[in-house]
Structure formats: structure tokens, C-alpha cells
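Just so it is clear, A, B, C, D, E and F label the chains in written order, and each chain counts residues from 1 on its own.
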Amino acid sequence: MPYVNIRVTREGVITAAQKLELIQGTAELLERVLNKKPSSTFVVIDEVDTDNWGVGMESVTNLRRREAAGKSAADQDKK
Amino acid sequence: MPYVNIRVTREGVITAAQKLELIQGTAELLERVLNKKPSSTFVVIDEVDTDNWGVGMESVTNLRRREAAGKSAADQDKK
Amino acid sequence: MPYVNIRVTREGVITAAQKLELIQGTAELLERVLNKKPSSTFVVIDEVDTDNWGVGMESVTNLRRREAAGKSAADQDKK
Amino acid sequence: MPYVNIRVTREGVITAAQKLELIQGTAELLERVLNKKPSSTFVVIDEVDTDNWGVGMESVTNLRRREAAGKSAADQDKK
Amino acid sequence: MPYVNIRVTREGVITAAQKLELIQGTAELLERVLNKKPSSTFVVIDEVDTDNWGVGMESVTNLRRREAAGKSAADQDKK
Amino acid sequence: MPYVNIRVTREGVITAAQKLELIQGTAELLERVLNKKPSSTFVVIDEVDTDNWGVGMESVTNLRRREAAGKSAADQDKK
């Protein structure tokens, strides 16, 4: 009876179809590897604001901004 | 100093009074069974969207839809 | 289909009977308050070393030591 | 940068190879569905004692015992 | 590669700047104490409604109300 | 009344003194940034086996092995 908690940043919309794919993919994985019955696998998806998620001393909000800036700078350089 | 995390699907409204019952019932349970002081028991309730909770290869959203359909089909049969 | 995670310090032994009481008490509470079927309530108990649990700037290990010392000092005073 | 926590009961040994399959399967799933880079997906597996996991008002320890008894009773009946 | 989950009650607004301070302070702490690279430390902040957080048999909502009432009663007494 | 859960891989021994530093550093951080009283901040440290922690499609066990091999190969090259 596994419990799986998937935590991801909320960036754009995660559709109900994508969530279902995560739910099914997780249950299948646990059945394949550990022989757990899908009927007793719980999957809970938490979507977290990019301001509330940090990595490498910065928030994901800032990280994405910097990535976008870097990309647009790189685009500029090409011209 | 226990920490208890109650995660439930958000279906209809869970009232402040119901949340209080969960908080008090949990603190009482931990006092009764493990002699933990209620003043140092934290209870945190997470309400999770039914799209974000999966069981048995489907989301709770779909599960409830199917249950409702089954019920209304059964009601039809009775007539 | 609730998921409840009870985290407590590991102080002395928590018996299987006590764990069962926590499991049943939690499932009953969620049935009583939110009408959740006990058959789909998961309860997971985590026992945490007192060195690994902190409150008020100290570990529970130190807190218990200080409480015991205070108690024995109080016992001394009474004589 | 997803964080995935897989909690399962500790029944028999879960090998390092099986854990690796869970780690890789999870990272692949998140890449396929949400386009998350595997290099920034964390997977943490918690193995929980069967005494510490409850479902349907009983511990998994008791549930497994009852399942084994039911099975052996069924075997008896066949003779 | 630590994962740190900070759960606090949502009281007033927690600004992006404050969240960043928590993210950086946590990564620095883990680098200083355990020599963990900040680039592989994840920090996730969960803001929880005061109705959904209980301590000492009451919700934080009620606790804050009682504190405010006590304070205003004390102010009255002074006059 | 914050609850902070620090999850790290168990590599070598994390001493009680180091755990205390994490506990105090976390409580201080939350007091400084969000004005939370240290007396009501819980810090719980989970030490996780390197086999049970995955990042970038491999377990930390394998990652450390590869890092050590790379380092010893580099040392060889220098000679």
C-alpha cells in the first residue's frame, strides 16, 4: 500500500490529463518493481509556487527569469 | 511533541468546526495512547484537489464521477 | 481516502498495541468527522530519534535531560 | 525540480537494484509527462515497518497475517 | 542533496524577499554544518491556513483571536 | 509555530552537535525572517540511506562511487 507524494513547481498549467498520467505511471512503476497492487497505491501531487521553491540559493522564480534573460541575451548575440 | 499531518481530498467544504474536531481528536488520541501533552502536539491539515489525488490508477475526480454514474444507473434500474 | 502521518519521538518502546490504537483512533476520527471510510484511510507512524527532533532551540534529548535534572533537583530540595 | 517521496512498507528486502528502478522510473515519468530534467529530480524512498502502517483499522502486520491464514485455510479446504 | 520543507502558518503576507531569505539561510546552514553544496539543496515553503493548523487543542485562528482579546483586555485594565 | 523537516543522506556520522546546530540555526532563521518564536519551532531531521535517495537517474550510492572513481582517476593522471 504505497503512498507517493510528487511535489513540483507550478509553472504553466498542469492539466488533469497530465496528472492522470503521473498517477497511472506511478502505480504501474510500483506494480512492476515491487509487485504492489495499483488499487492500494495512493499518489498525491502538490503544486508549489515558484516563489516558494528554492534551489542553489535562489527561488525558482528568479532562476527562470535569469534563464530567460540568458536566452534572450544569447539570441541578441547571434544577430 | 508529536507532529501529525492529515491529508484529505477537498470535496465540498470542510468547515472550521470540523477542522477543530480533527485537531482536538488527534491531540486527545496522542495523549490517551502515548501520554503526549496536547499543548505540544501540532496538527496540520492539507486539503488536496481531487484531480491531484490518485488511487487505483485513476484520479479521485474520475472515481467520484464513476461512483455517481453507477449510483444513478442503479437508481434507473429500480424504476 | 485520507493519508495521516503521525511523527513522534522514539522514547522508550512504542508497542504494536499502542500503534494499533493510534491507527484505529485515527481512522475512527476521520470517519466520525469527515465520513471517510476506514478501509481507505492510511496511517503511517514515524518514530524519530530524540537527537533528531528539536524544539525551542534544543534537541529533545537535551530537553529530557534538563527535565530529569530539574526534577531530581526539586526532589533534593524537598528533603 | 521535482521532489518525489515514495513510502512503502518494508516487507522482505527491497534490493538496491529495485530502488534504482524506482528512481529511474520516476525520473523518466516526470520527464515524459512534465518535461522535467532527470538531473534535477530527487527521489526519496522511505521503508516503513508493517507495525507502523495502518489501513482499514488494522496494521499491515495483522493484515498480512490474516491474508496468510485465509490462504492456508483455503488450501486446507481444497484437500 | 538535502531537501528541506518549511511549513508555516499563513498570517499576513510572506513576501518573495522573505522567502528568498529562508531559502538562502537554509542552504547556508546546511553548507556550514554539513558541508552540503547549496546548488543541490532544495527548500520548499508551505504556507498553511490558520484554520488548518492546530496546537494545544485549538486552531491557530482561535489562538490568535484569544491572544488579541487577552491583549486588548490587558490594555483595558491599564486605563 | 513552524515545522521544518530537514532530509539529508546519511553519509558518515552526523553528530549530535551538528544536529543541534541545524536545530538552532533553523529556529534562529525563522525568528529573524518571520519573527517566529523559537520555543514553538519544531525541527525534525531525517537521515536517509544513500541507496534510497536518487538524483539524475542514479542513487547517491552510485553517484558517490563514480565521484570517488573520477577523483582517483584524476589523481592517477597527475602522476
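In this text, a residue touches a chain if its C-beta (ideal position, glycine included) is under 8 Å from a C-beta of that chain, and two chains touch if they have at least 3 such contacts.
Please read all numbers here as calculations on a predicted model, not as lab measurements.
Would you pick out the chains that touch chain A and also touch chain F?
Joint contacts, listed by label: B, C, D, E.
What chains touch chain D and also chain E?
A, F
Starting at chain A, find the fewest moves between touching chains needed to arrive at chain D.
1
Let me spell it out: compute each chain's centre from its C-alpha atoms, then which one is farthest from chain A's centre?
Looking at centroid distances, C is the chain farthest away.
Return the chain whose centre of C-alpha atoms lies at maximal distance from the corresponding centre of chain D.
Using the mean of the C-alpha atoms as each chain's centre, the farthest one from chain D is E.
Same or different for chain E and chain F, when you check if over half of the residue numbers at their contact belong to both copies?
Same; most numbers are used by both chain E and chain F.
How many angstrom between the C-alpha centroids of chain E and chain C?
Centre-to-centre distance between chain C and chain E: 22 Å.
Between chain A and chain B, tell me the centre distance in angstrom, where each centre is the average of that chain's C-alpha atoms.
Chain centres of chain A and chain B, defined by C-alpha means, are spaced 24 Å apart.
Residues of chain F that contact two or more other chains, please.
In chain F, the residues touching two or more other chains are 1, 3, 7, 22, 26, 40, 42, 44, 53, 55.
What topology does the chain contact graph adopt: line, ring, star, complete, or other?
It is other, because the touches fit no line, ring, star or complete pattern.
Chain pairs in touch?
Listed by label, chains in contact pair as A-B, A-C, A-D, A-E, B-C, B-E, B-F, C-D, C-F, D-E, D-F, E-F.
List the residues on chain B that touch chain E in their complex, please.
16, 19-20, 22-24, 26-28, 38-47
Taking the touch rule as given, give the residues of chain A at its contact with chain E in the complex, in rising order.
For this pair, the touching residues of chain A are 7, 48, 51-59, 61-62.
Could you pull out which chain A residues touch chain C in their complex?
1, 3, 42, 44
Along chain E, where are the residues that touch chain F in the complex?
1-9, 14, 18, 21-22, 25-26, 29-30, 32-34, 36, 40, 53, 55, 60
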